[in-house]
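Some structures are shown below for you to check.
Both of the next two complexes hold chain A, though its partner changes from chain B to chain C.
And now, the complex of A and B:
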């Protein structure tokens, strides 16, 4: 009898544990890594170190916000890295007209790429992975046509944006946090956000319920493009150089990792902004930890792979239930 | 006929699924050189029986005999190898591969090196297809063929694997009349060659044209087996539906109260809805305060009609007006704005959004109304959700519970709530009580009544004939995508409906039949081309 009771209790505990891991695992991971570093890593607890980490994670985080929307609509946006490259090219071409004009052009560029992505997906019915793959190739090509080689960005405004701070916290952190709050609010409180989740969960049902499916999908990809463009702008400011060949390379994969690790299922219908932020921070901390303990970069990749598999495993349990 | 050898037979077959007895002591015999019709309404157990015969499911009880011996097929492939071929409604071939490769898939002729011998394969494929009236370049990808030709390739493939039994599940659903004739020719040839054919279809005309014997399934039981020629149409329909003709109507068993006061001006008018292969000039009117039933057997175009009216199924021609204003064709949002609400037949995949809460599901369609400047007002949503959860007595642990976790009846009520919150003028209900338990069914029926009393126009699609008759004030009868009759007043009875369902094409009101053939031809480009050529020919001759 005792055995039977145990046998019944165990799976219940296990699924409860997995559910906890799915919902809060990513935060637990961040806290665990922080504690580990505080205990075992030299010079970890310094404002200089936190600053570096925050500046590095900000662009990934901003891109991941858009990616979370795309994934929540049962899609994906592979073009984000190339949009960053396009925005760095546009930036260096238009910086002469002033930083605000350049920012505006960059945002319009990102929105345009998103508009093409969204139109291909919503009107022509191209699968998101294919449509955005096309733009991933095309947008980087365009970036290189606009600016064939690396160019220094010398602008006091950009320098301040890239490395300046307010009350000890870098500007980019305020911007990333502000955007995360805005996207979180959009998902939770706007009709657009609700409709996006319904479309991601069951597109046929959403269609029959009369939801503006096309408009919502196009908006998703436009937002993702704009966020990637802003990330490209900030990354350029930090590097003080426009490098359309390298900027944003493999960024789409980092962003997808952050979203998935943060507990947003690839099957759509759910968007976790808090989890996405924590996911991006987790990946950043993991990398930093390994580097600070003098492990080669290849170890970082292996560790990331393990985290991704763990996250997908935890999410899988949910699908089976 | 009965002397012919048994090829495939089941006796005392029982098959259970969790909570359902799909087949209950079913016996069925397919004989060599005989075309055996298998008929029954939705949920009668036809597909389960076919799946047992073809090795997809194994029987819980009873025995399966094949060519005189007890048999048990571990997989569909084993059944195929043994000589049982199945052709499904949807062509299950590989669209991008060539016609010839599809025909020989898995048993391609090889040369000495073990590579595919394409020359031989193409030659043999051409010869095989010629017998089916298909003359095409067999190197072309399959998908470049018409649906009818694809169906023929599937058939040729099924037969060419040395089949003893060929099972056809609604093989004509996507065929042109001409192609149906070719198919029948092939079926007759198969019969003459001593192959046992099992033919599943809802089209009575086809059954009588090609089948020798019929077995009727109802509620998982075989209720009748006999020569088709000795079974009249009306008798066949009443066997399928389980209502004897002479049976006097007792008092109603549903919660429908019956008649409503219908307004004189129709709130919705559909004119000439036509969609190739599915709808042929369907016209109907729905009045406010009236429940209009759509009668018809499975595949008669009831669901398609409802979807076409709701803008969810694009039509080739025809239009819908609501309160005199025409709708943009093929646009769900436009239909919804005009006040049309559709409860789809497939509640789980087209109705509810399973991962969202009861609350989000109810508020889904009316979100824009409950929002200001794109920001949703939680309090207004709560108000609406609260109202309808109470009014429809939706049972959920809380409004936050996921809809996917609710019972079927409560899911249906959530969908009703979603639409009622839109204050519709017309409700299109496609099988609103299917798959929900008795108590919830009664509640939904009562609700439909109340809504009609409140002045809504309701279109009711329902396979349960008793429910349809008791729920409807008027019934429009569909057959093969055409309106073939209308019952009003005292004619709204099971007897009259069954007679209308069973009527042969030439028994139907003459104008209805004429309309149907005209519409059958109209969307067919090839027919028009042919006619053009004929005209040309005449002109030349005269010249």
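And now, the complex of A and C:
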């Protein structure tokens, strides 16, 4: 999170410029979009507007945090969107026992999906993209078996969580910020974080060095599952409804984009939490800008595609280094 | 490595077992209001009787069993195969299937039902299965309009009459299929425009929440709405047109952006109820009161009509899913050897402040 070093001397040659762009480009993108909107978007500078953007970005950010861990371990978690759906189904089924029981069940559900993901990857040696793809299909299916169609959520506690605030800042923003700090701390300051990066750098080397590779990998996917489940819980609170068909649809794509745009290489070994936060904000601002200027929906899709291509391009450059 | 590998598979089994047990514990789940679930399907069946009427329009050409080359038979005692296109995961599909099943039961017809789960290849094999299982007649809710040749061939070989509902098959009527019972999505858009004009006085700025891009329902509901605005209320300007992908969550996010950037917006036309309900959630979250922004939606689901009763939604144009009575009526007439129309359009109702409370039971 000490990444914000825009004041660094501008690099001289091309490769250094590219590296600088890779590491700090996402902050530049956020600043540029903010400036553009301040200049050209009506009613952009208002507390209501910033509040809206902050509330909308929270679930993307929370999912992206888990995705950053998975990508840092040289994996990926495609099941996050479906875990959100599973979480909303479980929430709807267990809300009768109260909000805390429902939250507990939702977290256990997310952890269970993560445990299966992690076991497939760590013990059976299934490629992360394949293992989590299987769970992406399976968890969505399970979500729809548990709750076949949208159901309203009327619990007042959920309504408060979804739209309430403390000192003008929505609860969900505190939760997202808290989780970002916690994940950032875990990556930088804990043994688990260092082991995760070592495994992402080179799994054989980590194995030779005697690191608990399997335990770390399973923990990574459990954390990713739990974070996605929490995101699903918050998204349900905001919508006041459980919609297992649509909730979390294409979320894996947004999360991967946020992580990669934020400067975490797909090749593993590095995790940039500050960049991931900025990446999620960038995606949110981009979507908001296109919607506010009422560009045709197809343009929005194209713009998102361009961002993804840019992200992949950046990742490729890094891979060559 | 051996013992470790065994250890590994045991742990994986444990993990899978945990997930399964989680699924099983759903058995002791306790949701907020389990009781209200059943009421919906009850009233869907009760209102069957209301779905009989046919709207004006459509082709007036007719078809008979003789022209089609089918043999006359008694519908009672016949076997009807029903192929549903999408998972019964939304109110429209649930009500549509329920309506077909209820009508079959009422008429004492044996019904074989299949659901393609939104996969076209499955629908093709579903229909072929239904034919193989001995269906004398077919009712199909097609997922696609094209790609039906293999099925039509096997049906033609056995001279099985086909009625398609809600979506058309691109083939020759009275040769490849008997008749098509349609929803008129363009007309629904037009009627939504009429409600919007009435609600806003025909002046001001409004927004459209579009359905999924590239979907024919989206295209037609948009065309009907904008054409009618052009013709009847040129001073009502559409200043915002974004997709909510027919989903409540997306409708909410888009509306949140809309009310920030266009605070003067007078009305929102949502191309389905779900997006309209998402818009309501967004307006509530922004501290607006019921009726501040006039919302008009299309479909007629229970939640949206309740929204009309609560004054958050100005009006709902119905898209009638109760094809059962009309489909079986058509098959009955046809199998008796009498004339049936090649194209029928199902009549849609409407819900406004005047009738929403009284007609809430009719909503699906």
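Criterion: the second predicted complex is superposed on the first by the 307 of 321 C-alpha atoms of A that agree within 3 Å, B and C clash if a C-alpha of one lies under 4 Å from a C-alpha of the other, contacts with A are read in each partner's own complex, and residues count from 1 in each chain.
Just so it is clear, a residue touches a chain if its C-beta (ideal position, glycine included) is under 8 Å from a C-beta of that chain, and two chains touch if they have at least 3 such contacts.
Just so you know, these numbers come straight off a predicted model, no measurement behind them.
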Quiz item: Aligned on chain A, chain B and chain C: do they clash or fit?
Solution: fit
Exercise. Return first, second, both or neither, reflecting whether A:243 touches chain B, chain C, both chains, or no partner chain.
Key: second
Quiz item: Is A:208 contacted by the first partner chain B, the second partner chain C, both or neither?
Solution: first
Exercise. Identify the partner contact of A:269: answer first if only chain B is touched, second if only chain C is, both if each is, neither if none is.
Key: first
Exercise. Check the residue A:152 against both partner chains and state whether it touches chain B (first), chain C (second), both, or neither.
Key: second
Practice problem: Taking the C-alpha centre of chain A as the vertex, compute the angle to the C-alpha centres of chain B and chain C, in steps of 10 degrees. | Solution: 120
Exercise. Mind telling me which of the two, chain B or chain C, contacts the most residues of chain A?
Key: C
Quiz item: So, A:197: does it touch chain B (first), chain C (second), both, or neither?
Solution: first
Exercise. In the overlay, answer first, second, both or neither for which of chain B and chain C A:15 touches.
Key: neither
Exercise. Return first, second, both or neither, reflecting whether A:144 touches chain B, chain C, both chains, or no partner chain.
Key: second
Quiz item: First (chain B), second (chain C), both or neither: which does A:46 touch?
Solution: second
Quiz prompt | chain B versus chain C - smallest C-alpha distance in the overlay, whole Å | solution = 5
Practice problem: Write out the stretch or stretches of chain A touching chain B in their complex. | Solution: 189-192, 194-195, 197-198, 201-202, 204-212, 269-270
Quiz prompt | Interfacial residue positions of chain C with respect to chain A in the complex | solution = 8-9, 11-12, 15-16, 18-19, 22-23, 26, 29-34, 87-91, 94, 210, 213, 239-243, 245, 247-250, 252-254, 256-258, 260-263, 274, 277-278, 281, 285-286, 303
Self-check item: Sites on chain A touched by chain C in the complex
Solution: 41-44, 46, 48-49, 52, 55-56, 90, 92-97, 108-109, 112-113, 115-116, 118-120, 123-124, 142, 144-146, 148-155, 163, 235, 238-241, 243, 245-247, 249, 288, 291-292, 294, 296-298
Quiz item: Quick one: in the complex, what on chain B touches chain A?
Solution: 310, 312, 332-333, 335-337, 342, 344, 349-356, 360, 363-365, 367-368, 371, 374-376, 418
